[in-house]
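Here the chain labels run A, B, C and D in written order, and each chain numbers its own residues starting at 1.
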């Protein structure tokens, strides 16, 4: 069956160019980048060239400000735990938001058990953090502020530049999880006033199992794993050379795409078509996330009176891949913490479905959804006790 | 220039079969294994099939005893820190050896700063731990014993089955870093009485950036990173599906090789030829490691009165890749902690060179070393103040 | 988490969805763990369940088990239907993922409650209110809409 | 860690290795950080260094800088040679990796010490013993063999 893949916030298809860049390092150029011989130095060069490209992607001054990790989760863990531990002398209060990814939230929760205090800021109905709330939450012992750049479930873009400016003024370390922003719009550590920025390659046409963390010069971060002296002693382990090369290629593909934003415009255009089509064809739907200030590829809606899973499975029968809540917590019974934080009730949160497009998404994919979703909704609503009650009421 | 790659303890060339197994997951089957749709379930199946194969590789009963990680370093970190933290109520004493990899040693050192006590057992002149020493080091508060299966620098194989039996008897958790054993001989968690076993795919013809950890059912291990609920809540982050599939394929290639051990015999035969040739052609050389009970592919010698780096670079001019000390600490000034623990003096330890073969090593590679090494040694000895003193003495 | 082929097959070809107007018994149950809701309607004639339908606001497991269960008890005596367990329904569907086992409890409870409701009606008592597990920690906001 | 082309070139084509029998000055220096050792031999005629050789037990950086340094001071006056710094030698080799910078200190120290030894000899004093940095924390076991 033809697959209509609309779950690109979960993961993306690798760009052919990325795979092509990686191939030599998975075949002939297999050396360990720590080897002293030329063959190893070639691998070292590949890693350091990748670091330079990645630094550019972040608009960082110095490639040494980049470390490579095993993914967004590890980048977030190093950033938050690493900065919290290294700067504990300053204080043990952390500010984050209720809508962060679990890779941020659960590190914060673990730190709470270890004597840290964490403020989880609320969001407005669009799922956006208010910089004023950040300002109000700051205490003398606040050591770290971590607010994501764009949310994975709703796509809502956060005012990180303002928040970063507040943090900078107060000399508080500012981390932003830019996993969902990377590749969609330029990431600029200077404009964001960010000290720590996480990305994950597989979210923007790069390989799985590799990520990066920007660590501003002078910002102290402890390693969370111990071993060899790799990655500026911040992240031990034999370098994943193909992965790192792939991440850098994904960065350079993205930088090119920002220069000629046609592909981005197409994604947004298709996303808007999908949105319009759903609202036209299905009654009682609400948009989750900011109507405008949202990543170009994300559409999250709640279809009232039914639950997401049934829709997903029904769509799967037609080859459509979408998600409900974030992929990494599926199997969990709780509705999305992000939607609940936005004020949705349990039922409506349970009825959410997320479509996330990519540069490979076609009109055909959109048409497939607009064909499959309305009957799926009808089927599920017809067996929902709430739907009937509502209509007959 | 033709490359003679003899640094396979640092990393190996991927097996073509491994790459072939990975390719679909780097191209068409790119789904996130957490997706509820069939496309995601296919990725999930690939991951779970890989887990079953990896469990077999360990001779583990239950695939749920396997978690996938980003490499040997992370496996070691989860095993040691994870077990130490989860079982701290029992005690805070750890037994390990002086010859462990830094991924073990440096976690132990970090834990010492956090209130744990660590006993670093000595080794004999062959670099082998004595099980009696383990027995003697055990205290009522000993919570974990971590002794590697085979050493990366010398290849010396450790008596892990006996050590495991001692640990089991005393109800102490036993971890073994089998990164250098994997692929060279069968790993059997039952025979080893091991509770935790680390491997890293790239050390046995698998991809870089992925490893596994065997965690015996019932053994408590805390996660060292927080995030989504992946890998039995022990290791969060989007699964590296191609990497995991590649690791499993490397496991199955290895299992096949144990059934028909011709390739292993060839490696040993070539290694022995290299050893004999070096001892024949170069005076004042000593063998580092156990003469017999050593991984089939490893040859570590100290060439007296000169240093390893010069030899490596001189050999590099002929396309030969070898190492001196372990690759991940090159750039460090200290001679190998492993050789020092074996009782070598600084000078002799500095003069060590390690050749580690693979199934791809040819007679030609061996000949290249036997041609290049003697003149390299002569050149360096001729400029060594110690060599002249010795000859003229 | 993966559903069996049987669950998928069942979900694809659902039976007995909807309500029975003038049902002889209605079992309204809720799952405290996830906030989901199932209503089971039965028609009883001469002690035999002649018709049975369901309305479910819940996950695929809840929907599939309610369809399976309603199918199962059609034609059964009321007494026999009371013996139906969630375990047997799950087995008929070739199992459920462990984290979804609790969903199947809804179907068993729904049937039991529908029969209880039927028995009460026979005795002239008022209909049963919706039932929820004890562990319940949040309301069914869905109902308020 | 990567050596420059120049370092590699120099290491490939080393000059001035070995000892000078009946040298006018010998500078024996050791590097406490890594336990490495360098001996610099000079021949002096009329205040001018006419020949200079080295023996080095050390890393590639130590060997390359000793070769470079000995080459450099040949033909220099003793006074001029005393002005040679490790920095200038490193520059001539297009730099060294940061963790290898300390190795170049050996060459500077070796030259200085060889000249000091030469000066002492001229004054009829006994030859200088080997010199090591203060941070020194281990003997040169290599020497004992």
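The working rule: contacts are C-beta pairs under 8 Å (C-beta built on N, C-alpha and C of every residue); 3 or more make two chains touch, one makes a residue touch a chain.
Since the structure is predicted, the reported quantities are computational estimates derived from the model, not experimental observations.
Relative to the C-alpha centre of chain A, the farthest chain centre belongs to D. Annotation: 89 Å between the Cα-based centres of chain C and chain D. Remark: chain A and chain B have CA centroids separated by 34 Å (rounded to whole angstrom). In this assembly, the C-alpha centroid of chain B lies 56 Å from the C-alpha centroid of chain C. Of all residues in chain A, those that touch two or more other chains are 36, 309, 313, 330-332.
Residues of chain C found to touch two or more other chains are 1.
Touching chain pairs in this entry, ordered by label, are A-B, A-C, A-D, B-C, B-D. Interface residues of chain B, counted against chain D in their complex, comprise 304-307, 309-310, 313-314, 317, 330-335, 345-348, 350, 379, 382-386, 388-390.
Per the touch definition, chain A reaches chain D in the complex via residues 36, 41, 44-45. On the side of chain B, the complex with chain A involves touching residues 3, 5, 7, 10-14, 19, 22, 26-27, 30-32, 34-40, 70-74, 76-77, 101-103, 106-107, 109-110, 200, 202, 207-210, 224-230, 236-243, 309, 312-313, 315-316, 319-324, 326-332. Across the interface of their complex, chain A is touched by residues 1-2 of chain D. The touching residues of chain C, counted against chain A in their complex, run 1, 3, 8, 11-12, 14, 17-19, 28, 33-39, 54-60, 63, 97, 99, 138-145.
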